[in-house]
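Each of the two complexes below includes chain A, the first together with chain B, the second together with chain C.
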Partner chain A sequence: MGYTIHFTEVFPYLPLLLKGLLLSVAITVVSTLIGTLAGLFSALASLSHYLIARKTANTYVEIFRNTPLLVQMYLIYFGLGQFGVQINPIPAAIIAMTLNTGAYTTVIFQAGIQAVDVGQKEGGLVLGMTYPQTFRHVILPQAFRIIFPPLVNQAISLFLFSAVASTITVPELTHQAMFVDSVTWRTFEVFIVTTCLYFACTFLVSILSDLYERTRPAR
Partner chain B sequence: MSRKVLFYVLVFALVLSFFAVVTCSLAAEEKSILDQVIANKKLRVGFLPDYPPWGSRTPEGKYEGYDLDIAAELAAGLGAQLELIPVEAPNRVPSVATRKVDVIIGCLTPTNERAKTIDFTIPYASAGIVPMVLADNKAIKTYKDLAGKKVSVARGSTPDMAIVKAVPTAQVMRFDTIADAFTALQTKKVDAFIEEDTFVFFTAKKDPRFRAVGQSFTAPELISFGVTKGDQNWLNYLNNFLTNLRYSGKNIELYKKWFGVEPASMVMP
Partner chain C sequence: MQIDTMIHIGDWLFLLEGAGVTIALCLQAMFFGILIGLIVGVARTAKTRVIELPATAYITIIRGTPLLMQLFIIYYCLPLFGINMPKFLSAALGLSFYTGAYVGEIIKAGLQSVDVGQREAARSLGMVPWQEFRYVVLPQALRVIIPPTFGFLIALVKDSSLVSIIGYVELTRASKLVVARTFRPFTLYLAAAVLYFVLCYGLSRFDVKYLRKKFSASLTGT
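Up next is the complex of A and B:
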């Protein structure tokens, strides 16, 4: 009745798992880059003087922050398919993850921008800069210091949430792990190895971001 | 520095939990599931919740199906209360291997690969494998037309392995559940969905949007109960139960009730 642990049965599949890890990293990097940019513009829209821009940005944020990523992914992959809009699994996952992380980074940017003292903005304007110039050269650099750690956190949690893409057959790490599990039936061993792979990646990122924060000049 | 410490703590915790699992599985070795079921008057049965007519959910939220009826017979024989645990197709083997259920009665084929991890009873039914397509798809006439086409399966299922073997050029998309693989066909993500004939014929008959492609392209496969490895007492009990179910005629009666036909003679002497 006892269960004997056999890691040796999992080792032949290590290249497959690493391939999955690479795809996990790739879809996370792409979604994070586009999503963060989208978050920046959506934050600007939500803080602008234009009512329509504010409403649109806020609606976007509320919808995507208040629904599960899994549901969003199903809606984009399966749901749109019902209307004849066929998106392949990897693009569908990237779209869902981008929209999702965009909503979260919007809030991070909002907080960061608002945390910069109003005096800074007024100072920039008094010096004769236009608002876009003030934003680009005065507010954003200061806001970035504040939001860097939460942005890294968001990237890490998106990386971990990318496992959800396995349900729409994206062959990322979790999908490959489940596949290896169903060929070897070594559930414990497979997921221990998978855990270590995820952990190694996120741990590396947090060390790097720590180093970056420590080495950059104090303000 | 503190991060380094945290790292070692985590590694240590991981190693520790590893040993905890090993000792747990050793401790669990002492008692047969048969004794536990008799003592607790509770039988935990894993089944497929999305696979009519083997197991499915009624609109009222109750579970029904051929496997469910057999589970009820088993529980009645043991004088135990039946606790139904829905298990997705790819989780069937892990759920018995990790003792989440006492027995899996879920249209499970006793393959040699699976038998390395769990034990199987004598068979109680059999099933072939048939592709299903949308009714307006005229291009696919036999399973051979699936070459180069996208097909959906439940990951690690016997249809998964069968299609890879029969049509190596088919693009196999592996989903977590049978329901998702089926949804992929409905939403036109794939050209065909591969499943066991009983399910495909049942669904195609009920819903005119779907069409079964010919007859099974593999030899029919046996269906058994799955149990945790090495519990011979429990396995003996279940084999005896299935022998009695067969000779009493109850199995044939249940099979006809759900599938509308006599079971294949290779399973039913």
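Up next is the complex of A and C:
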């Protein structure tokens, strides 16, 4: 078949792709930061003594972990339109990604907090600390060591799935790639370059997190 | 809010049919993915670098790039080189390669979890490498491999929604098609979400109630 590969035709559009990449990274970082914080509080709620807090947190987690991010995005971006509520693409994507990653980080925090020996909590309380102080100064630092790797994995996974935001017209990397494909007709080259850009980011993050884990002081 | 008299019974059946397609797609991807994963996972534990390196590269690349890009490359790029295939095959192939990488990594971890003393004991009993793998390593590794593989199947049901973007009509695409005609996006995407929820939650209940109990019992029972 007569398809010859011309990567040079894609190069003029590299700045556009990089701009898309920047937006992909930006929406992932914002969603990860807010989502992780939400996950922390939701995990606390799910481990609390209050039945309503536990039920609410667990329901949130089950709903968002058992439905696809794509459908969650469609519901927020297209679905709310049925009630006359129109959210712009970027905020809609960030809301969906934040709620989604919040559910996953809840489970990570739950496991991390439960992995810390109960004697540590009792020790903190015996020393006269309040529960929030014990949590902040005794439990969380120890839990953090356990949950750091899965939190990084979750952030990487969210970055990879941020590609679906292209379907609700967020001009991130995949969306820009489709645009470049439509003007250059160099489908193969565009998608290979785009895939390499995604890969470079995830590879860099996993190397950095490995380095961080290796260099941080042992207990 | 208007009550949805616009949506006919046929549309709901269409969604259910889409859910059926999603299940079929996931089962096929799982079947071929486990085959790929078995090869790649065993290759990952090989001591020969020529065998180990391609397997590691494959897993690293698939796990480091978006599933959507992998689907785009298979669906849009292969025809450029004269490889034409129906949409179903593109979707199934993309999901199989994706599954293969994740399951491969799970299998590798499972194989490595078997104590080296077990292999040595098998050898000293006069077993050939195949027997050692089949009767000593694999049965022990499977206990470690099966629970996370099942967990991946649950994730795959959700991830399979991405094949709707290349136009393959499964649950998500089916709801999108009905939305285009009825203009009831919330109702229909909610219905799709409920169907996904039923599938995934059902699987995870099965996992917690049956699978984990069985495997933790077999771990302590022997």
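Definition applied: the second predicted complex is superposed on the first by the 219 of 219 C-alpha atoms of A that agree within 3 Å, B and C clash if a C-alpha of one lies under 4 Å from a C-alpha of the other, contacts with A are read in each partner's own complex, and residues count from 1 in each chain.
One rule holds for everything that comes next: contacts are C-beta pairs under 8 Å (C-beta built on N, C-alpha and C of every residue); 3 or more make two chains touch, one makes a residue touch a chain.
Since this is a predicted model, take the numbers as computed values, not measurements.
Engineer: One more residue to check, A:D210. First (chain B), second (chain C), both or neither?
Structural biologist: It touches chain B, and chain C stays clear.
Engineer: Examine A:I147 and indicate which partner it touches, taking first as chain B and second as chain C; both and neither are also allowed.
Structural biologist: Neither partner.
Engineer: With both complexes superposed on chain A, which partner does A:A163 reach: first (chain B), second (chain C), both or neither?
Structural biologist: The answer is second: A:A163 touches chain C but not chain B.
Engineer: Tell me which of chain B and chain C touches more residues of chain A.
Structural biologist: For chain A, the partner with the higher number of touched residues is C.
Engineer: So in the superposed three-chain picture, is A:F78 touching just chain B, just chain C, both, or none of them (first/second/both/neither)?
Structural biologist: Once the two structures are laid over each other on A, A:F78 reaches both partners.
Engineer: Would you sort A:T194 into first (chain B), second (chain C), both or neither based on which partner it touches?
Structural biologist: Touch partner of A:T194: chain C, not chain B.
Engineer: Have a look at where A:S182 lands relative to chain B and chain C in the superposition and call it first, second, both or neither.
Structural biologist: After superposition on chain A, A:S182 lies in contact with chain B alone.
Engineer: Is A:Q86 contacted by the first partner chain B, the second partner chain C, both or neither?
Structural biologist: A:Q86 sits against chain B, while chain C stays out of touch.
Engineer: In the superposed arrangement, which partner chain does A:L23 touch: chain B (first), chain C (second), both, or neither?
Structural biologist: neither
Engineer: Could you tell me which stretches of chain A are touched by chain B in one complex and by chain C in the other?
Structural biologist: In chain A, residues 1, 3, 78-79, 81-82, 166-167, 181, 187-188, 192, 195, 199, 203, 206 are touched by chain B and also by chain C.
Engineer: Under the touch definition given earlier, write down the residues of chain A that touch chain B in their complex.
Structural biologist: Against chain B, chain A makes touches at 1-3, 5, 77-79, 81-82, 84, 86, 89, 166-167, 169, 175, 178-179, 181-183, 185-188, 192, 195, 199, 203, 206-207, 210.
Engineer: Give the list of chain A residues in touch with chain C in this complex.
Structural biologist: Interface residues on the chain A side: 1, 3, 62-63, 65-72, 74-75, 78-83, 156, 160-164, 166-167, 174, 181, 187-188, 191-192, 194-195, 198-199, 202-203, 206.
Engineer: Within the complex, which stretch of chain B touches chain A?
Structural biologist: It is residues 3, 7, 10, 14, 18, 21-22, 25-26, 28-29, 90, 93-94, 97-98, 113-114, 116-118, 155-156, 160, 173-176, 180, 183-184, 186-189, 228-231 of chain B that touch chain A.
Engineer: Report the residues of chain C in contact with chain A in the complex, numbered from low to high.
Structural biologist: Touching chain A: residues 1, 60-61, 64-70, 72-73, 76-77, 80-82, 154, 158-159, 161-162, 164-165, 172, 175-176, 179, 183-187, 189-190, 192-193, 196-197, 200-201, 204 of chain C.
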